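Listed below are the structures to be examined.
In what follows, subunit A forms one complex with subunit B and a second complex with subunit C.
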Partner chain A sequence: MTIMTAHKLQLKARDFGLVDLDEYTPCAKFADVIRVQVDGKKLNEIELNLEFCWVEYSFTHLFLDEALSKLRDSELPHRILTVVVSINLGDARFMAALLFRLSKLVNRDSEGSPEAILRAVNFFCSENCIKILIQSRIVLDGFGDATTEEFIIDGWR
Partner chain B sequence: MTSQQILAFELIERAVRLYGHIERSCRVALIPGLRQTAQMQIATDLKNHIYQIIFQTIANVSSNSNLNAEEQSDYLDQALEHLSEVHSRGLLRIPRPHEPIELISYLRQVLLSSSSKIEPLVATVQDIPKIFATEMLGDQAHDRFSFQAWNAKLSVAGKSVTLIELMDSIGLTQDVADKKEQLQYISLPRIDLGNPCRWPSLLHEVGHSKITQQEIIKSFFDGISSLQCAEVLRAMIPYSCDSSENACTAELAKWLMECWCDAYAVIHTGPAVFFAQLHAFIFSQPRYLTAEHKAGSGYPPAWFRLKLLLRLSEGRLDDEDGETRHRICQAMENERDAIFSAFDFVPPYKPELMFLLHHFSEFLRNAFPREKYTANTKISSVTLNRLIADLESGLPIPSLSVRNSDREQRAATTAEILLAGWLHRCFSFRKDFFELLSKPKKSESNLFLEMLAKVDRSDETLKRSIQMGEWFSILTEGATSVKEENITPFGPEPRTKGLPGLLSDRDINAAILSEDLRIIPLIDSDLQVRGSVIDLRLGHNFEIFHSNVPRLIDPMLAQTDDAGESVEIDIDFTNGIEIGPGQFILAHTLEYIKLPSDIAAQVEGRSSFARLGLQVHMTANLVEAGFDGCLTLEILNSGPSTIKLYPGMRIAQLRFYRFVTPPRFPYGVAGENKYRGRLSHNKGQQFSDWEVAAINLAKKRLGIIND
Partner chain C sequence: MVTIAKPRQIKPWPDLTGLLPLLKSSDISAGRPSQRFHIDLSFVRRVDAIGLAIFLARLTQSISASSDATVTLPRADLPAQKLGELEFEAILKTLALQTEEYRDLFTLKRESTKFRSVMLTHLPNNERAALEKILCIIPDKNLSRTTQISNIKTKIKDFFRLDHGRNFAHEQVMSILLELVKNTLDHSGRPAILAMKMNVNRGDDARFSFVYCDTGEGICSSVRKHLEPNKEKNQKETQSELHRQSEKSRLAEKGGFPDLVHWALQPGNSTKGGNGVNFGLGLMLIVEASHSAGFRLSVRDADTVVELTELVQMRAEGELSHYTHSLIRQLCVKTCSSPILMFHGELY
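And now, the complex of A and B:
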């Protein structure tokens, strides 16, 4: 389902039948969805919900770069990119580094360590006044309880 | 095409291949003078049975079928099981053919080649594992004989020990270790022996001999924190025999082993492994692809492995060439999704498996760093596109004609050839095959023969391509050592271009460069094209006639059973073939020739061999304009001594004549095309001449019955 308010767009990958976000084609398709649905000039908030999708860093940059470049081109201030995942492969900080590991937009020259990646992402966000929120919502088996961990890269400061 | 149709294609193609395999297997056992055994009758029964499965499948998935999609899926599911049964039980009762020599060539290239840039996987030809054909499918097909044998449990004095433990206890460990090295046998289901698309799976099996489970698990745990170790073992609980740490560790080691071997195959043979393994899973018995995962089975779910294989394959494609990358990725994903959809299978989303997948991916990426392992799997988009185009046009080409000042062709890698084979299969071969099935008013037997020819041709083309890849490296290396330094450059186009008459080497080169004339492979044109001729090399496939079988050749008997009259053999370039005085054999040129409609050619022997008394043709030396295919050589040793010939030798010559006016009917246009398009030699087809049919018809009208 796509929810669009005045300045915010929420996209849930599963609603577009995109589950395998560890593979090239679904990631490229999700990037296309963002390209088509986002009018970058009028939006300052994009939420990408990747819950219950297979997420891996090989191709996440395809759609993350698309979303970030749309926000970068926005005319509005206080831009936010929220990424919601339902897996946490370390902590939210590590997860953030992983998602942007192969990004061509923000992480061109870093040597690949999580710290270096986050530094590069931070630099990009500060330059373009973008805040990135990585939310890991993990549903525990069968009980319906969820733990949420959040990592913020604050480019507003 | 619907997913059911895709699965039906897989089933039909496999059945057709199985039929062809049985036919070839029986040919091996037909020795003149020997009594025909019950094996032949069983073979005939099996073929009839397979024939029925094929046409029942066609009827059930055609547009006129009464079955709905769900019923079609059920039918296909059962038919697949049935076909597997025929393979694993039926084939046990019929003779076993030799493995194709192209398979040996493939393994030599992948495992031994120094051009791989990665260090060769084995040091000498003796180290290449021996392949044996098995009737088993799926996991059982891949028994690694040596390791199974050494790890077999024995009962000694009431205690259960493995053979290797027993040897160790009596001080023979070193001896055992040596033997363990020597005993490397890996198996491939019989049906896949002749199907090069499935050969990449062999690399998975080779992987099993390269590392032990203990080494893998140690290296895996070394790469993650202790907290992550605990989480990984916890994630393994639902998939292990019990929830103990030992059981989880043991199961994890087995999973890692399978995935490590998949990755090993990917880094050595490229994305073709993904397709090969997917197809192995479809036809495994019991069906590994969609069956519910059994805790403690020692295998990760098939879809999990496919996901990992996909990640590893995609991750190794060239970032710079987005279009090719996209094409390959899409083909892999589409193929898998279509098969899943045909089985109505949706891989479950399980957080613990996602967690494991991530750690497995990271482990394998570190085990096989991209910087170190790229050469063997590097896919050039130019090569790939060219190969696919050539495969679509039916040319057996592994090579590229580089369109620049020289006329050199270069070999594609086995990774490129097999990937091109799979992409061709996914994009056009399957569609063409299905169109063939839907053509109306075709008799069943004709349709079947067409299907058989199509599958055979596709396999032969790829096998030939792989073999040529090896020829290129051997002969190019050899050519460089004898090449004269002051060779005249190719120079400008000849002024006589297009004029009729005997073509000089400059005219021949110009025709090759413009691709009017195709000579495949043209390994070194400076050494091969000289004066007014091009030298042709000896191919690998021979027909040896039994001299002690007196036979009458009567062209009027179309159904002449020529079984037993001769035997077809493939000879590797390392062995050679001996031709005794007075012996006559059929052979073929290594080169595939494609003549334009205004150039004819004449084949002649080379003087060096003529002086030994060797003839390469029997009064039939004209190659008609428009002909394409390998040339059949009718070789007779008229000399006093036995002559040994090796595939790859320059044995014949071809000279070309351009017509004053182009012919009205170039070869093949007026229906005279019985020898066309062959990739090996062709036996006499005199019974298919139109006048034979006319005489037979006249005899029938007159009431005369052929003897």
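And now, the complex of A and C:
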């Protein structure tokens, strides 16, 4: 399902049948979806919902770099990338490593340690006035209520 | 005259369920290396994936010098059937044939044809069989790290997909298990055995539990080796470097389980910090992710067991700012069975 308002785009990977986001092809397809959906520079918020998807760092950069480059090129201020995942590693460093370890846009020096990756993501966000919200929603039993923890990398400050 | 020595007898605890097989002592005797084994399961009464995995891990520790094993299957039908469901025979073959080191480890000789007949006459109930699974992680130098991780990931996914009601957070648990697999590939280099058990109609049982036995040298031993002083002394070492080195030497020489686990839980500390893949956050990540998933996670290494998630729980309750040494010491319980590195997670 795609929800698009004036300045915001919401995409749910699962709705496109893209669950195996630990593999190249689904990640590349999701990047294509973002490329097609974001038209022009009048968008300052993208939400990528990766709930109930297998997420691992190997190929996440394919679609995250696409989303971040669209936001970077936006003409609007206060840009936000929200990523919703079903994984909570309990620490912003681990979450940054999970999503951005191989990012060519954010982690340009190919840093390996979670601390260094988080630093690189912070730097990119500050440079481009982007805020990244990583929402970890864990459903502990069945499809019931989720416990949510939010990790914020704030480039607005 | 040629004399053939009797094979070494390996008998499991009759209840191959849960953590009970830990009670069994090691079958290894340093002074009596044996080339032939007889795995006698005649009196096994109950089997589950967790217990069988521990037994198999112990077996893998015992048979590294072996080339020949004979298996006698349980007399009772139910445990024999269960072994069939858990693909015991295939696992033995996997352990035997996947790596050069273990090639031809087993020559399976059945003392009866019972195993085969049980498998044919009592076809496993797919749903029931699917709720327990044992996977072997055999580091293979001929395959890339990515390929090995991908292979094991596919098998775990296939198992999780059988949980239609999503009784636990699949993606989160996957991240924990993969971290354990990565540790085996990056640090241990020896086979590991993962058992997973799902209880859909669970009653009082855990809705998901796993055990991960790594037959490598374990956390304490590898940390101790890593911290041992460098024999080649550098004349240009500064005072602070010398002090740090002496601290490490002291830890390597006198450190107990709590000291070494405390070291392993500090960010940036790794026995393989420079391999460009694993940056010493593995254990910490496993603990944090397990806590977020609602797990009770314990690790058993050397002679001690410690409930790792309790560390995070106490931090959450404001009792400490980080994994303190004294708390780790407080949570450690010494055991008397032979060493094995084992992670055990339960989700109620």
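In this text, the second predicted complex is superposed on the first by the 149 of 157 C-alpha atoms of A that agree within 3 Å, B and C clash if a C-alpha of one lies under 4 Å from a C-alpha of the other, contacts with A are read in each partner's own complex, and residues count from 1 in each chain.
To be clear about the criterion, contacts are C-beta pairs under 8 Å (C-beta built on N, C-alpha and C of every residue); 3 or more make two chains touch, one makes a residue touch a chain.
Quick caveat: nothing in here was measured; it's all calculated off a predicted structure.
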Combined model on subunit A where subunit B meets subunit C, clash or fit: clash
Larger contact residue set on subunit A - subunit B or subunit C: C
Which of subunit B and subunit C A:A28 touches, first, second, both or neither: first
Touching partner for A:I138 - first (subunit B), second (subunit C), both, neither: both
Which superposed partner A:E115 touches (first subunit B, second subunit C, both, neither): second
Which superposed partner A:E149 touches (first subunit B, second subunit C, both, neither): second
Which superposed partner A:L89 touches (first subunit B, second subunit C, both, neither): both
Touching partner for A:E56 - first (subunit B), second (subunit C), both, neither: both
Residues of subunit A at both interfaces, subunit B in one complex, subunit C in the other: 22, 52, 54-56, 58, 86-87, 89-90, 138-139, 141
Of subunit B, residues touching subunit A in the complex: 228, 307, 310-311, 314-315, 325-326, 329-330, 333, 349, 351, 354-355, 357-358, 361
Subunit C - residues contacting subunit A, complex: 146, 153, 157, 165-172, 174-175, 178, 207, 267-268, 276-277, 279, 281, 285, 288-289, 291-294, 312, 347
Residues of subunit A that touch subunit B when the two form their complex: 19-20, 22-26, 28, 52, 54-56, 58-59, 86-87, 89-90, 138-139, 141
Residues on subunit A engaged by subunit C in the complex (per definition of touch): 22, 52-56, 58, 85-91, 93-94, 98, 112-115, 136, 138-143, 149
